[in-house]
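Step one of this worksheet: look at the structure below.
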Amino acid sequence: MESTIISSKNFNAYFGANHVVKNVSIEIPQNNIIAVMGPSGCGKTTYLRCINRMHELIPGATTEGEMKLHKDNIYEMNPILVRLRIGMVFQRPNPFPNLSIYDNVIAGYKLNGMKLQRAERDNIVEGSLRKAALWNEVKDTLHKKGTFLSGGQQQRLCIARAIAMEPEVLLLDEPTSALDPISTASVEELLFDLKKNYTLVLVTHNMQQAARVSDKTAFFYLGELVEYDKTKEMFTNPKDNRTQSYITGRFS
Amino acid sequence: MKPIKGFSLKKVRAESAFKRTLVIMALVMIVIAAGIFLTLLVQSLPSIKALGGHYLSGKTWDPVSDIYGALPFLLGTLLTSFLALLISIPFSYAIAIYLGEYNPKGWLSGFLKNIVELVAAVPSVIYGFWALVVLVPMVRAIETKVGAAPYGVGILTASLVLAIMIIPYAASLGRELIRLVPSSLKEGAYSLGATRYEVLKNVTLPYTKSGLFAGLLLSLGRALGETMAVTMVIGNTNILPTSIFSPSNTMASVIANEFTEADRTVYLSALIELGLVLFLVTVVINLVGRMIIKRFTNE
Amino acid sequence: MMNPKLRYRLVKSKSVEWIIVLFAFLITVPLIAIIFFVLKTGISKISWHFFTNIPKPVGEAGGGIANALVGSLLIVLVAALIAVPIGILCGIYLSENKDSKLASYSRLAVDVLQGTPSIVTGIVIYFWLVKPLGTFSAVSGSVALAIMMLPIVIRSTEETLKLLPSSLKEAGLALGLPYHKVILRVVVPCGFSGILSGVMLSVARIAGETAPLLFTAFGNPYISTNVLKPMQSLPLLIFNYATSPYEEWHDLAWGASLILLIWVLLLNITTKLITRKWKVQL
């Protein structure tokens, strides 16, 4: 049996008086890819940002309910600790523009003041870039600025930067929405490989993507979790009418 | 579970210490600003108590006989500042219109922009020294021609040098504001066959009116508070000015000249009261100017 | 061919344009006149001797401005050491907490400081530092200048950081970096060129300030490096010697004016060059 890594129970999130995530309960099994999908404004991104406590950075944003990493309540841990264990990749690639490719990958260590031997550093950079399937493309230009890369490469650089910290969970917020189809394919392929070592939570508004890469899918609608099931099951035999309408394209 | 790298309580503590420091710095600004006002107020109290309302209306300033009437300085300040503003307007508006509307790009406007910035950069004491040696003889020649007493120094000389010094403020602000005029408005007028001048007169200037006025206020604020250049060429005379050729004194220049000589409490306090008035006037003018600009740019 | 009404309008438009161009470029006249005049009168006074000696008593020719050079550098340096960290941190607060009550009051205070005449700052520092310490001092002059620098540094920091995308900060925080590291090692470096230009412009502005030093640093005919004692500075020396009746002192003042003018203009020009070069590509 798979063990659960993240679980939320009756979890709510607000922007001021605006109730954007309503009473969501979910259990996320380890070493799986979980897709979170739904029409825009359904609270899927907000829910994702609650998992590593990025939501609360927005003025007026609050949460309520239980969110656990293994047995620990995330909202009782220090946010720094949470984010060290749960990495995140954003919708738009956001490499640090003032750092080289090499320094971008090692940024989590370097900017945090963690002392590493040179060889150790090189290892982490190479390993992370290999895992992110970017090594071959950038190994000769490691000391160029990361912003010179293409969009798809930048996004994989951001993935490398996140996995360099060896988090247990990786949150991905529509990581391919700003990318072209070829870059999208290479990122999706990468997600498959990453599953061996990490648990991935992928927010997407692209049903095909959810169907292609995920093991389980959660469908959000108007802030509620409508359905959560094995991906195959959900796409072939949805239990809820709203899911049915969504996957047959009746609202976007 | 593996141990978590890169996490320590020290970091958490440093984080909250940093946040606290930021708050303290924001508070420091409030403390300094309030402190300036309160210090001026408290130090002027002896003068306010001793002189009351006569202070502002009194025509005589004679510390030797312990008489302190600030009217000559109020008048001197207002005359020099407004005259300077009047002289500067055609130039600052011309620059603003040229850089904002007629030729916003191009090397020539880049050149003019740099010149304007350098005019703002020249230290006031150098303006004063130059005016003392170059402008004063010129004004003296004018005075001889029109039959006024040929002092050379005085309100006109101070206004001339002040005018040069304040042009950059109204000019660069005006340029920014003129650029904010939506091009759709101008294109509309052009498409109806309007000439450049008509677009300027009927579209650009009416649209930027309030902003340009605010630019004048900010320039006026600068002129009122400007000390060194004025002190060097105003003539330092504590009598009521009778014409624009009269030697005079402004609030700032009296303070500069007499502050370190003031040996009695009321004398010193009377000077500080000048500072208080100057502070209140310039701060109010500045805040009003900024408010207008904020409202203008938010629209 | 052209109807006379239209021709009249076009001529009018063209004439107004020429008048505006004329008035706009007239600003170059006083600037060139001043630079030319200071250069012409100042250049002959400048020699090695001028940099290494202190002013001679009245009646003796020669002498230099070593005391003012040393003093100016020290006073401005100390002012920058005070104002730059405070200003940058306050600017960070204002850009990070845009809508807080404290930020709006703090912004108002910065506006007030910006509008405060420099001579008034001088008076206030006289009561804050000179009187309690019992003597005029360089450090009190530095504090007065620092207060004048603050609004410029704060504004440029705030404006620069506001323009940076929030994704930058989120990237840092999501890596588990503590807030202060994100700000100091990610956000501030990305806005470095904007902040630096504000700092350099503020230094250029106070380097030529005289009024706030009159009742604080006060001036000193000898070389002094003790910041707790009165100290000479270039603008003070120019003011005192320019308004004196002695020809020899005028000469010193012209030489000093040239040095001060070069210093301030160079600061302005290098600010432009440097910030253009160091701009981070976002």
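Note that the chains take the letters A, B and C in the order they are written out, and that residue 1 is the start of every chain.
In this section, a residue touches a chain if its C-beta (ideal position, glycine included) is under 8 Å from a C-beta of that chain, and two chains touch if they have at least 3 such contacts.
None of these values were measured; they are calculated from a predicted model.
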{"item": "Chain whose Cα centroid lies nearest the overall Cα centroid", "value": "C"}
{"item": "Contact-richer chain pair (by C-beta pairs counted) among A-B and B-C", "value": "B-C"}
{"item": "Where chain A and chain C are represented by their mean Cα positions, the distance between them in whole Å", "value": "48"}
{"item": "Whole-Å separation of chain centres (CA-atom averages), chain A against chain B", "value": "54"}
{"item": "Mean-CA-position distance for chain C and chain B (Å)", "value": "16"}
{"item": "Residues of chain A touching at least two other chains", "value": "80-81, 84-85, 108, 112, 165"}
{"item": "Residues of chain C whose C-beta touches two or more other chains", "value": "176, 178"}
{"item": "In chain B, residues with contacts to at least two other chains", "value": "6-7, 11-12, 15"}
{"item": "Interfacial residue positions of chain A with respect to chain C in the complex", "value": "52, 54, 57, 59, 80-85, 87-88, 90, 92, 94-98, 107-108, 111-113, 145, 147, 158, 161-162, 165"}
{"item": "Complex contacts: residues of chain A adjacent to chain B", "value": "70, 78, 80-81, 84-85, 108-109, 112, 114, 165"}
{"item": "For the chain C and chain B complex, residues of the former touching the latter", "value": "9-10, 12-13, 16-17, 19-28, 30-31, 33-34, 37-38, 86, 89-90, 92-94, 96-97, 102-103, 105-106, 108-121, 123-124, 126-128, 147, 150, 154, 176, 178-180, 183, 204-205, 207-211, 214-215, 218, 235, 238-239, 242-243, 253-254, 257, 260-261, 264-265, 267-268"}
{"item": "Chain C - residues contacting chain A, complex", "value": "99, 165, 167-168, 170-178, 181-182, 185-186, 189-190, 192, 280-282"}
{"item": "Interface residues, chain B side, partner chain A - complex", "value": "1, 4-7, 11-12, 15"}
